[in-house]
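Chain naming follows the written order as A, B, C, D, E and F, and within any one chain the residues start at number 1.
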Amino acid sequence: MALFDLPLEELRRYAPAVAEPADFDAFWRTTLAEAATRPVLLDVRPEPTDLRLVETWDVTFTGFGGDPVRAWYTRPAGLAGPLATVVEFPGYGRGRGLPHERLTWAVAGYAHLLMDCRGQSGQYGGGDTPDPGQGAAGGPWPVTWGILTPHDYHYRRLITDAARAVQAARALPGVAPDRVVVAGNSQGGGLALAVAGLLPDLAAVLSTAPFLCHLQRAIEITDAAPYGDIARYLAVNREAEEAVRRTLSYVDAVTFARRAVAPAHFGIGLRDTVCPPSTGFAAHNQYGAANGRPVPPERELHVYPFNQHEGGEAVHVRRQLRWLASVLADR
Amino acid sequence: MALFDLPLEELRRYAPAVAEPADFDAFWRTTLAEAATRPVLLDVRPEPTDLRLVETWDVTFTGFGGDPVRAWYTRPAGLAGPLATVVEFPGYGRGRGLPHERLTWAVAGYAHLLMDCRGQSGQYGGGDTPDPGQGAAGGPWPVTWGILTPHDYHYRRLITDAARAVQAARALPGVAPDRVVVAGNSQGGGLALAVAGLLPDLAAVLSTAPFLCHLQRAIEITDAAPYGDIARYLAVNREAEEAVRRTLSYVDAVTFARRAVAPAHFGIGLRDTVCPPSTGFAAHNQYGAANGRPVPPERELHVYPFNQHEGGEAVHVRRQLRWLASVLADR
Amino acid sequence: MALFDLPLEELRRYAPAVAEPADFDAFWRTTLAEAATRPVLLDVRPEPTDLRLVETWDVTFTGFGGDPVRAWYTRPAGLAGPLATVVEFPGYGRGRGLPHERLTWAVAGYAHLLMDCRGQSGQYGGGDTPDPGQGAAGGPWPVTWGILTPHDYHYRRLITDAARAVQAARALPGVAPDRVVVAGNSQGGGLALAVAGLLPDLAAVLSTAPFLCHLQRAIEITDAAPYGDIARYLAVNREAEEAVRRTLSYVDAVTFARRAVAPAHFGIGLRDTVCPPSTGFAAHNQYGAANGRPVPPERELHVYPFNQHEGGEAVHVRRQLRWLASVLADR
Amino acid sequence: MALFDLPLEELRRYAPAVAEPADFDAFWRTTLAEAATRPVLLDVRPEPTDLRLVETWDVTFTGFGGDPVRAWYTRPAGLAGPLATVVEFPGYGRGRGLPHERLTWAVAGYAHLLMDCRGQSGQYGGGDTPDPGQGAAGGPWPVTWGILTPHDYHYRRLITDAARAVQAARALPGVAPDRVVVAGNSQGGGLALAVAGLLPDLAAVLSTAPFLCHLQRAIEITDAAPYGDIARYLAVNREAEEAVRRTLSYVDAVTFARRAVAPAHFGIGLRDTVCPPSTGFAAHNQYGAANGRPVPPERELHVYPFNQHEGGEAVHVRRQLRWLASVLADR
Amino acid sequence: MALFDLPLEELRRYAPAVAEPADFDAFWRTTLAEAATRPVLLDVRPEPTDLRLVETWDVTFTGFGGDPVRAWYTRPAGLAGPLATVVEFPGYGRGRGLPHERLTWAVAGYAHLLMDCRGQSGQYGGGDTPDPGQGAAGGPWPVTWGILTPHDYHYRRLITDAARAVQAARALPGVAPDRVVVAGNSQGGGLALAVAGLLPDLAAVLSTAPFLCHLQRAIEITDAAPYGDIARYLAVNREAEEAVRRTLSYVDAVTFARRAVAPAHFGIGLRDTVCPPSTGFAAHNQYGAANGRPVPPERELHVYPFNQHEGGEAVHVRRQLRWLASVLADR
Amino acid sequence: MALFDLPLEELRRYAPAVAEPADFDAFWRTTLAEAATRPVLLDVRPEPTDLRLVETWDVTFTGFGGDPVRAWYTRPAGLAGPLATVVEFPGYGRGRGLPHERLTWAVAGYAHLLMDCRGQSGQYGGGDTPDPGQGAAGGPWPVTWGILTPHDYHYRRLITDAARAVQAARALPGVAPDRVVVAGNSQGGGLALAVAGLLPDLAAVLSTAPFLCHLQRAIEITDAAPYGDIARYLAVNREAEEAVRRTLSYVDAVTFARRAVAPAHFGIGLRDTVCPPSTGFAAHNQYGAANGRPVPPERELHVYPFNQHEGGEAVHVRRQLRWLASVLADR
């Protein structure tokens, strides 16, 4: 797919007003408070692997509603002290996979907590966490589970899990609590922005090809899943449009991004039909705009003009590694 | 897609031994017995429509686990007496829709109970019944919900709902309990066969392009959803194959069909890549073969050589109407 | 296909000047006058069905050039008196099908005349009416038959048939002549608008996803058949463009719609690539604009933002049923 | 599409018994006799071109039913004497096009008559001959026009036109009547075989990727148009299968080929999904088998293992040129 | 693909400033001068064919770097005198093919030199000329060979070959050196424009659906090969964008076209996704704009609104034949 | 794509006789001997990365014809001693990429040499090694470069590079020369088999979804690139089939595999349309069959029934890690 969204010059200044419910902050405050009533770590046990340079633990923490959520915690082998830690969230249709699938952050010297995505694994990647709440009224695919109300929506649970994953990381041995970074690609990039809007004390945010941004536009300009699955649901449930749009307004990563304070690093492919570039720019361009601070947070964006949803891949990872080292060095 | 499965002559005699778990009958006996501990009708209320020739009620009955399941009950207007009744099950990704969507049976003079499909609506058609059990471990699409064990599998719940729908029909006013027919296309055709294997006293079975048949083969010879979604799940969860094959053996419509006793009417398209013809023939050719009766049940099959999953459509409906009238006249 | 045509706000006010030949009215007056020289009903015979709530007759009436055109006439069984009557026109590539395929209007209490489409059946649906005039110079598909002159064009014949179907309906027993409604989807929706522009005394018009509208634009913005077949014909017959554009100007449903006087009910899917929404809005927005009456006709439009050519389906049918009941109640 | 039909070794000996109606010869004898009652040439007028090495005439001859059929007659410029003449038939969806489109035969020194295909032009190529008979009952595309009876079938008319084209050629000035060759690709290759079975005195036959061969199999093993269009028609007209199969038995090029006596040159691509190789081999392998002569006709076949419907293209043309020169040299 | 580029009215006046390197003229002057140090003709030998109206020679000339480049030289048979000569360049992925593949120009009375394309044959057409320079750093497909610097780029070699082909033609017996025309379609059309900008003394230029035009835009608005292959290369080599854009600026046919002086004839399809119409209009609209002459060169353009990359085909060839005859008559 | 090749039971015993040229061993002996005349290491320089657990060097070694070939050499940081070493070959269209792209082997404790693929990078992955020999006669894509003779074929050069990479590894500091393993996926898996047949002293071979196996069959049963590109080349160069088949016989990985002696570990997806399973089984089933040893080499195969070319992915990597540790422990 060649260029199909706004031209780059327009994207650079694209800052749409995204629908923000009046009780947005209250909704999330309550939701996180409920989750916080439980101890965050349920289980941490060593996971044997065939890797010599790293050590891995199989972590279970309490996510939304106290549901058990799994994660891999991986560290450079034999390094005892507290480390800067990257909490990573997977893409749509994936879970935490196997412990040797995502080694970059540990090899770069970070502790790494890779959260599972409740109920989603099995489409593109494996995982071990079901979504006990998925039986609410809504559509048959994860992106539509419980979509008729914010209260029941799958992303209410998933975003809460993601925020809890940061809290779980801080409870793990060997994590430097003031040096926790959130990261993710696609859905993971959207979750990273959401957590950045919910938690005030992150060291950095790495978000590429972010999903969940500018949802009201996204469902109109692309047919590709998962946005397209919301449109497909509405094509059948023609009278649900208003309810769905309302639900989506509670999980829009642009609204979260506006509240964020941590330094942020973005990557966007201009030919990305899965998470169209205008939706990512909408988040980037307003990142921190409503955080109440006098100085905007540090923000860096790399654009990949010839790439689709894969974005910058290894080239971008190299940029992330350098940027993150420099940001953490400043702290 | 031109002809891609076995040639017609081979299909005519295709009767593969389908894997049958030793506790198949016990599994279903227990499952239905649990469901039967609850009163079957929860609610029956008139549904206003703009149709003058029929009357419709919005029915809620208790399905698997006592979960409320919705259905439309439609009858020729102003006809009080007990009628022969068609209990119909929708295709995959559909629910009961709106009351005016499926009028044929009522216009033909039957009472008609159209069951909703828990959790599935929103892909191709609307519905009103969530699946509270869908959060078990398994994959993200309905056909993979809870697929790791027979106990948790979505189709355990859905088949139980279908059997309960017949019991609900018999509890409704104006239904002749000895003249209840089950019918369906695709997933509905598979559910009709399943119910025919579970309930001994149906008046007839109408099954077209049946899903759920000869599952071990189906997941190997077609990529089309929903069978293809099981294969896609196994492509990611490579180590789950044995568990999945075991689960499927508890819901194979061939195994149900072998136990059936009611007269049955089938339709199969030879170019059907969604529910490949060999899988439907496997059910048809063994229909009633293990029902313990001395005389095989009446059985009629219409083959549509140039059709895909749509099969015989209106031509087949005409054949169904005539065959059913004749079968019921004989009772 | 996500949104691809004009944005909704522009569609709401889109009222392009559609090319209108100077002799448009004379052309159609002469054409209809020729057709009117023959008695309209050739044959009406009962059609046996397996349906108890309705009765059906197989009707043959004289269409364009006196050619015999078939139709199904279906009524609530046992109701003698004159009824409000819906004359329905099929979509492209379809005919009248079998008598039990389209029961909604009869079940709602209307008499229903379903016209066959000459020469078109066999692509998506069955029928019984050939097109004796189809051998004129032009292209190989119905939408291009005789397209080099208005005189020979297939749609001259088909629109005449449609107007004659209304006259046939009025000649049938049990039809209330002042309560005749025209209805159709896609090509049927275009024919309904055409008839609405030709006949002054209809009770109502129901047009969804209308074909034949704003043809000069339609052949430029979509590749989907049938508009795309005209473009494909012009891709081969590069020197025929002017002749084809002239022919199309005689059958544009926008030009017909401008002349209409009856109350009208529309449905349009914003993602309809077969009959792009701008072409339907062009007809809706100018409906009745040139009918010479002081007060514009009543007009209602439902937009389906996430739907393609299927539009509102059962949801829209429900709206049609309610609207039509209310419009007819006022008469 | 990689290899999908029978393996080459099986193709080499594939000689299926093709259904042959008892009155096949009578049917065609009568049909040709009717056509022969009219003078063959209606009009021959010089066609100006911008080509200096050839001269072209626009020819109109009487085809089936006396209908006027157009053709281009092209010869080396300034050569008066009688020449060996290639009568060529176009592929499906094409007509004679423009005079400068097919120059090879004239440049090679032959006279060349390129017949138009009634009613078909406009899909892939231009033409000037409508099909006045196309309005009979049947489907909407040329391959289905009048397909319900042999009497009304489009190919009855087209094959008759093709035989008449040979007779027209012989009536033209400058044609050596005993050195007339028929040639064609795809549909043209099928027509060449048909004419070879109808006319006893051709000098040679050139047939590549022949259509119309082994029709009963062809409609089962490929979805590609035009065979696939017959299957699509039958998918809608499920009750027409027997009638359609009967009609096709009257125009099967295998049956014609069995009767042929002239030397023949074939080309077949093993990956041809439009005209599957087994159908072409069926004709080649039985070419002349029922011509009543003691010695089988000369026959040459070139197989293109990696080609689809395009077959051998220029490589094959070179082989045709050489073979034809050698065959004609022997006469 | 329906209309997807700018509307026709905008295309008519579309004249973008195309990036032009400061040393563009020097680069090409040097490149051609190096090539000119060798004698142009290496070998000319008669090629036997089965064609009587023309004679063909197999020509080898020295192209870029002295590399041997093949060509077919074809003339009306038996015509000794000097003729106006069309030098034709093939499309991408093609070579000179076989001598009987492109006969139109010779049949029209011209001498015809058909150049081979180094290294490209084997994708769509055959050829006999490898590209000894293709091993430089760059991507795996011809359009990306050596793309990291202008010096190594495949098109530097190919454009030089094209200019040398004109010089080779003039060195052949029977060519009227002041009546040499360059012609081509797609890549051939781009090469024709390039040569027109390099050589001052051509009699005419025929360019249809020209490739190589407005490259900076072309790689952004289409995914179709070959432009899309450059985008695919940049999708992997994300850091090569600047180098690639610089290289492309040395071979942009718009820049060449601006320098041209010969009369030119263009053809453009408005639905051409391979060589989008705006890129061809950019060349046409600026043709001769920077040639330093007081009077702009004669220029004719035919637009094909319903055609894709195939453009006007035989209709356009007829227009080319007439226009060229008239242009040459004026000389 | 569901199952399309032979059934699993047949694959288990599929051992076709693959065409083996008489001078196969001599051809390769000579080729490797020529390469061996040069010193193997040209340059080894530290490559800075942002990774703390590993160290990387940018290696240049002399491949075929002395051409410089690049590789990444990566080791656990700070580990001085000689390590078991995995030499890995990339898939088609890829090169060595960036140093942080393939970390698994180093993290598992091995030294890792990742060879670049000459001329191929730019399609799916980046690289830094051009193929100076690519300009020989043949087709335009890597798999067809120089394909007309074994001498000029791209894979002669690439296989030589692969064998030289092993020799380069052994010349590097910190490599245990008797513990060198070759590994690869797809093309890399084919190269691993080729090297296993050329070099007698490897510690193990890891080959998944191997390309280059049973080439004569592969080009007939799949259209997918790269095998399909050979078929596409032959579709244009119809007269090159014999030459191409001869060339392929010199690089068939089955013939190499028959000569291998090292323990081997395979992975094959049963739905792999890129490298069809029968071709991989042909190599596996004959692995070591002609190595002249009394005892066949150890051999392990994992089959992935629901996977395409991606095969077992992380699940298979885990199996590789365990198997390799166990095999090396035995040495």
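Everything that follows uses one rule, which is that a residue touches a chain if its C-beta (ideal position, glycine included) is under 8 Å from a C-beta of that chain, and two chains touch if they have at least 3 such contacts.
Given the structure is predicted, the values throughout are model-derived calculations rather than measurements.
Novice: Expressed in steps between touching chains, what is the minimal separation of chain A and chain D?
Specialist: 2
Novice: For chain E and chain F, which third chains touch each of them?
Specialist: Looking at chain F and chain E together, the chains touching each of them are A, D.
Novice: Can you name the chains that touch chain A as well as chain F?
Specialist: B, E
Novice: Quick check: how many Å separate the C-alpha centres of chain D and chain F?
Specialist: Each chain's C-alpha centroid was found; their separation is 51 Å.
Novice: How many angstrom lie between the CA centroids of chain B and chain E, rounded to a whole number?
Specialist: Taking the average C-alpha coordinate of chain B and of chain E, the gap between them is 64 Å.
Novice: Hunt down the residues of chain E that sit against at least two other chains at once, touch-wise.
Specialist: In chain E, the residues touching two or more other chains are 126, 232, 315.
Novice: Each pair of chains that touch: what are they?
Specialist: A-B, A-C, A-E, A-F, B-C, B-D, B-F, C-D, C-E, D-E, D-F, E-F
Novice: Can you list the chain B residues touching chain A in their complex?
Specialist: Touching chain A from chain B are residues 93, 119-126, 128, 130-142, 144, 232-233, 236-237.
Novice: Residues of chain D touching chain E in their complex?
Specialist: The contact residues of chain D facing chain E are 50-54, 76, 97-98, 100-101, 103-104, 106-109, 126, 314-315, 317-318, 321-322, 325.
Novice: So in the complex, which bits of chain E are touching chain A?
Specialist: It comes out as residues 219-223, 228, 231-232, 234-235, 238-239, 241.
Novice: For the complex, which residues does chain C have touching chain A?
Specialist: My answer: residues 1-3, 304-308, 310, 312, 315.
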